[in-house]
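In the two complexes that follow, subunit A is the common piece, with subunit B as its partner first and subunit C second.
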Partner chain A sequence: MKLIISRETLLKPLQIASSVVERRQTLPVLSNVLLKANNQHLTLIGTDLEVEIVTQIPLEESVEGEITLPARKFLDICRALPDNANLNIETDGEKAMIRSGRSRFSLATLPASEFPNIEPMTSPYEFSISQKVLKSLIDQTQFSMAQQDVRYYLNGLMLELSPNELCAVATDGHRLALCKAEADLQIDETRQFIVPRKGVTELVRLLEESDTPARIQVGENHIRVDLPDISFTSKLIDGKFPDYNQVIPANPTKIVSCDREALYQAFARASVLSNEKYRGMRLELSPNQLKATVHNPEQEEAEEELEVQYSGEEFEIGFNVSYFIDALAAIKADQVQVNFTDANQSCLIHGLGDDSCKYVIMPMRL
Partner chain B sequence: MPRTRSILHVDMDAYYASVEVREQPGLRGRPVIVGGSPRQRGVVSAASYEARRFGVHSAMPMARAMRLCPQAVRLPVRMELYLRVSRQIHAVFKRYTPQIEPLSLDEAFLDVTDSVRLFGPAGRIARRIKQEIADELSLVASVGVAPNKFVAKIASDIDKPDGFVEVRADEVQAFLDPLPASRVWGVGKATNAELQRLGIRTIAQLRQQPRALLQDRFGKFGERLWELARGIDTRPVITDSEAKSISNETTFAVDISDTEILRAWLMDLTEQVARRLRAHQRYGRTVQLKLRFEDFHTISRSHTLAVATQTTRVIWEVAATLLQEALRKQNKAIRLLGVGVSGLVASPEAGGLQQDLFAGNNTAKQQVIDQLADQIQSRFGPAGIKRGTGCKHSPS
Partner chain C sequence: MLLPWQHTIFQQLQQCRRENRLPHAILLSGPAGIGKQALAEAFALSLLCESPHTDGTACGACHACAMFHAGSHPDLHRIGPEDTSKNIRIDQIRALIETLSLRSHYGRHKVVILNPADAMNTAAANSLLKTLEEPPPDTILLLLSARPSRLPATIRSRCQTLHMATPHPEEAASWLKSQLEAGQETETLLALAGGAPLTALQLAEDERLASRKQMLSDWLQLANGEGDPVRLASNWVKPDAALPITWIYGWLTDMIRLRASQTTRLNNPDAKATLQKLAEELDLQRIYGMLDRVQDAMRLLDSQVNPQMILEGILLYWRNLPRTAKNN
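The block that comes next holds the complex of A and B.
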């Protein structure tokens, strides 16, 4: 293999493909990135066996071939070269030579044949959706995913396809985030699949705030998202996501509405006096008033009062303050509606007059 | 030199069978076998000494037992009854010491070191306990008295049934020396074969081995063998309330590979562990699963929760997932199954209790369920109420 490429065109695709490469690896070849050159393209592939990212760069002159290089070192070299540098990459026996100006690097390689391939997808279901919409669905829900929960099916984001709608749901068992977007999906029946946590965080980094479509293929065990010059593949979690509709409060009776930013700021200030172990916040509601109190083990106390619209009876309820802050940060509307049933049941938060995104939080007993 | 302790090991003789005979005095003197039906591949849970004379022993397939002793009276297992009686036995123990470590329904260690000033020498306490169990409950216990758990356990066993053996500190070595090395705690089939190969048959011979040789052959366990052969055993008697972990395990009479049956056993074990947590007002964060396969390969798997719990359902979900994971990687039959909870604390979380979203998993609701189940069980025994998953393995 032999090719010449400018640092400028190589750097970003290389960064993207290397982003999935984990620092610690069980298989040596997994710390490498695969380079494939043909007359027209250089293809870069990084994988951790769960997520694979493929990027493509047009080439002007090259000698065909494929090889794997240590991802981190290759990227660091590329980064450290001057902006306008050109790289001359050439395999030389078991080494790869990189030359640029008066710099020379001889890197250890592993044969491309050792690089793991993700199995091809059989009869996938395909659809397209704008990158912007998909990004926003993920951004507004992903913070509620569980982390290393024994209920492994919660350690990811559930995507639900139905005829006119794409819906994303994440929950860690204490709170749940749900976001829907209109989408023209040629599908007869509802279909669910769970993308693992790592896949979700990698994917959202690749998506741009643009109307360019993302082409999505969903197979039995994998999801593939094709973007211009990038192809992302992730394994799916093999499990059944819990029935999320069941935990969305059906008939909340105590309805509070207020300015989102004001409520967010009040909770953010109060949370200063919470700590990692103890995130409890007491909410006291009385007509047109909300009071939030946070204590900590050092006996310090924060109290916030806020004018709200509320005409129900007085009551008290406890929450993990972070869960509320996360939800309020994700909502885009200026006004929010917070719906309670009683002190033992979950509350539902959504933008006023907008229920495309819903946030459900279970209370704490304080 | 630490002061000499006084440890009792109390072991009820042919417990289930004896309780049954006590309930139906007409059975006295006749061979009685308690266990599952031979037609449903039941196994012997307990056999009276009359039945044992025919070669019947526990864990034997019932069909075989009935062939060996066709005139035996076969009775189904009445666990709730044995549990109730076990509580009465513990009530006797508690008159003499709060330091009780239950091993099972019919077996316990008692540390009476501090009771001696009140009740007299350990031997006298042991005799009184044995006598009171006989007088008040019409049951026979074998008791071993010794300076530690290891020797006490052998002592209770050596003169069974109706045994009473006291081994004083200065008699320990003379007591142990003539015994076969297989008596030493932890020496099973495999270790014993290895010892035989080394020409070690008795504890005296084991004691004469250099420490380095035992360490070399048996690793860490070799160190333990070296100590036990000298009658050294410093393990304290641990009551549930001061335990750092609470666990229950069971060795199956027949190795099991049916996942549903394993899950049912797991549910029962989980329920027992969770009840003990609740009884001692403890919450645990780490759930452990222990599996021994048919080839004696033993693994343990654990998972740590975000919030400490004492809720059966929560422990069950973790344990069941760990079991599923472990079985996915191995398709050998299971010989022993155990579940435990560690990282015990007195309250779940400093700042309050986070409720869970998923229906049926609701913490408050689960607490009410657990409370009710505990109340029903304490009145009617473990069979009084069972969770759906737990019902499937019962032989009855």
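The block that comes next holds the complex of A and C.
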């Protein structure tokens, strides 16, 4: 392999591809990045076996070939070269020579055949969606994913495709976040798959607040998201997501609505004095008034009163205040509606007049 | 990779695979040094290969085979004690469970080789139970152990046990011959290794055989009341205290055999005369007593007890055994 490339064109794609390469690796080849050159393109691939990122750079002249180089060292060299340097990369036996101006580097390589890159999918299901919409779907749900739960199918974000809707659901067993977006998917029946936590957090970093479409391919084992110049692939979780519809309260009777920001601020203040481990908060509702009280083992107490629209009977209920704060932060509407059934059942939160995003929180016994 | 005496058992596994009734967890048991790892690797490779031959063996040419031989196949997970630890720790098992929860990289099987499975500590073994009982689809767990009785019953009962016997002496000898330079005593090596060909091969390749001769003569001197057990123990403890104890175990069992019959098969055919003489000097019951001590010592070696003290204990006991020859 032989190619000439300028530092500027190489640096950003290399940074992106090597962002998933972990420093400490059990398999030596995983700390390398794969370089593939053909007549028109240089392709860079980095992987940690769970997530793979492929970036492409147009090339003017090159000799075909493929090789893997230590990602961290290659990146550090590129970064440290002067701004308008040109790199001349050439394989030489078991080494790769990089020449630029009067600098010369000889890097250790591993053969490309040892690199576990993901093969192209066979007959995937494909669709396109704008990056902005996908990003907001993920942002509004991902905080509810479980972390290292033994129910491994909860350690990720479930995406559900139905004929005209894309739906994202995340739950950790105590709370659930659900967000829907309209999309023309041209599909006959609903389809579900679970993207693991790591894939979700890496993907959301790559998505931009723009209307340019992301092309998505879903296969048996992987999901691939093609963005301009970047192709992102993640493994899927091997499991079935629980039936989330059963969790959403069907007929809430006690409906409270109020200003989202005011409620968020009040809970954020109150949470300072909550028990650090259990984060319990007591809510007392009476007509047009909501009172939140928290206390901690040091006998400190906080009390917040807030005017709300509520016309039902008085009652008390306990919650983990962090779950409430997370949900209120994710809702975009100015007014929120909080729906209760009774003190032993989950509550449902959504923007007033907007139920594209729903948050369900289980109560706590205080 | 597959050793000559493993073809039958390998084909058995392939037969299961063709009939689609491959167990999801297999416990490969059998004495050390008979090639459990080789069989497990060959079978794993045959599951991962992109275009295996009709008899199930891997093609050796595809991308999967290349990655397998480079040790970088993403659907093969090898778990064993890390760094200087003797145990497989719970973190390793938890990480394994997390990776297994994801789909396979290449859409074929996910294979786990746990070797040695009995190195799992209690916490690690317990954390594996749920996955071992019901792994994700297309996952095959291969547990290897020379001492399956050390595994918790909860682990054993969740695996299908496949016992590998010591290969037939002729088969083992002919393989060993092909691996060694001419002129080496394959029969003696095999006998010393208890019939395990890989152990025999290892013996031939390092200096342990030479050190055994020295140890045997030291041991004889001790029996005559000469030499210092403490000094000997400090010499023997390096590089590996398990080795002298295995030798002693072999000598003692041979002594017991020789008391019973003259024509029996021995672990140490080359030292028959010496052992015969030693055996006649001792009361049979006392040899058995000594053997018990040695077995205890083997168990203690896996614990935190100082290995040198274990050796000292054995050697002192050996020196102080009452001998008829000395009394006369």
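We take it that the second predicted complex is superposed on the first by the 356 of 366 C-alpha atoms of A that agree within 3 Å, B and C clash if a C-alpha of one lies under 4 Å from a C-alpha of the other, contacts with A are read in each partner's own complex, and residues count from 1 in each chain.
Following the convention adopted for this analysis, a contact is a pair of C-beta atoms (placed from the backbone, for glycine too) under 8 Å apart; a residue touches a chain by one contact, two chains touch by 3 or more.
Values in this document were obtained by computation on a predicted structure and should not be read as measured data.
Annotation: superposed three-chain arrangement on subunit A; subunit B versus subunit C shows a clash.
Applying the stated contact rule after C-alpha superposition, one finds that A:114 touches subunit C and leaves subunit B untouched.
Once the two complexes are overlaid on the shared chain, A:246 sits against subunit B while remaining clear of subunit C. In the superposition on chain A, A:278 contacts subunit B only, with no contact to subunit C. In the superposed pair of complexes, A:102 makes contact with neither subunit B nor subunit C. Of the two partner chains placed by the overlay, only subunit B lies in contact with A:320; subunit C stays clear of it. By the document's definition of touching, neither partner reaches A:23: not subunit B, not subunit C. Touch criterion met: A:152 reaches subunit B and subunit C at once. Put simply, of the subunit C stretches 95-103, 131-139 or 221-229, the part that bumps into subunit B is 131-139. On subunit A, the surface touched by subunit B in one complex and the surface touched by subunit C in the other have residues 150, 152 in common. Note for the complex: subunit A touches subunit C at residues 27-30, 49-50, 110-111, 113-116, 118-119, 148, 150, 152-153, 155, 196, 220-222, 235-239. Of all the residues in subunit B, the ones that touch subunit A in their complex are 303, 305, 317-318, 321-322, 349-359, 361, 364.
Looking at the complex, you find that subunit C touches subunit A at residues 63, 66-67, 70-74, 94, 97-107, 130, 136-137.
Listed in rising order, the residues of subunit A touching subunit B in the complex are 150-152, 171, 173-176, 242, 246-247, 277-280, 295, 297, 318, 320, 344, 346, 360, 362-366.
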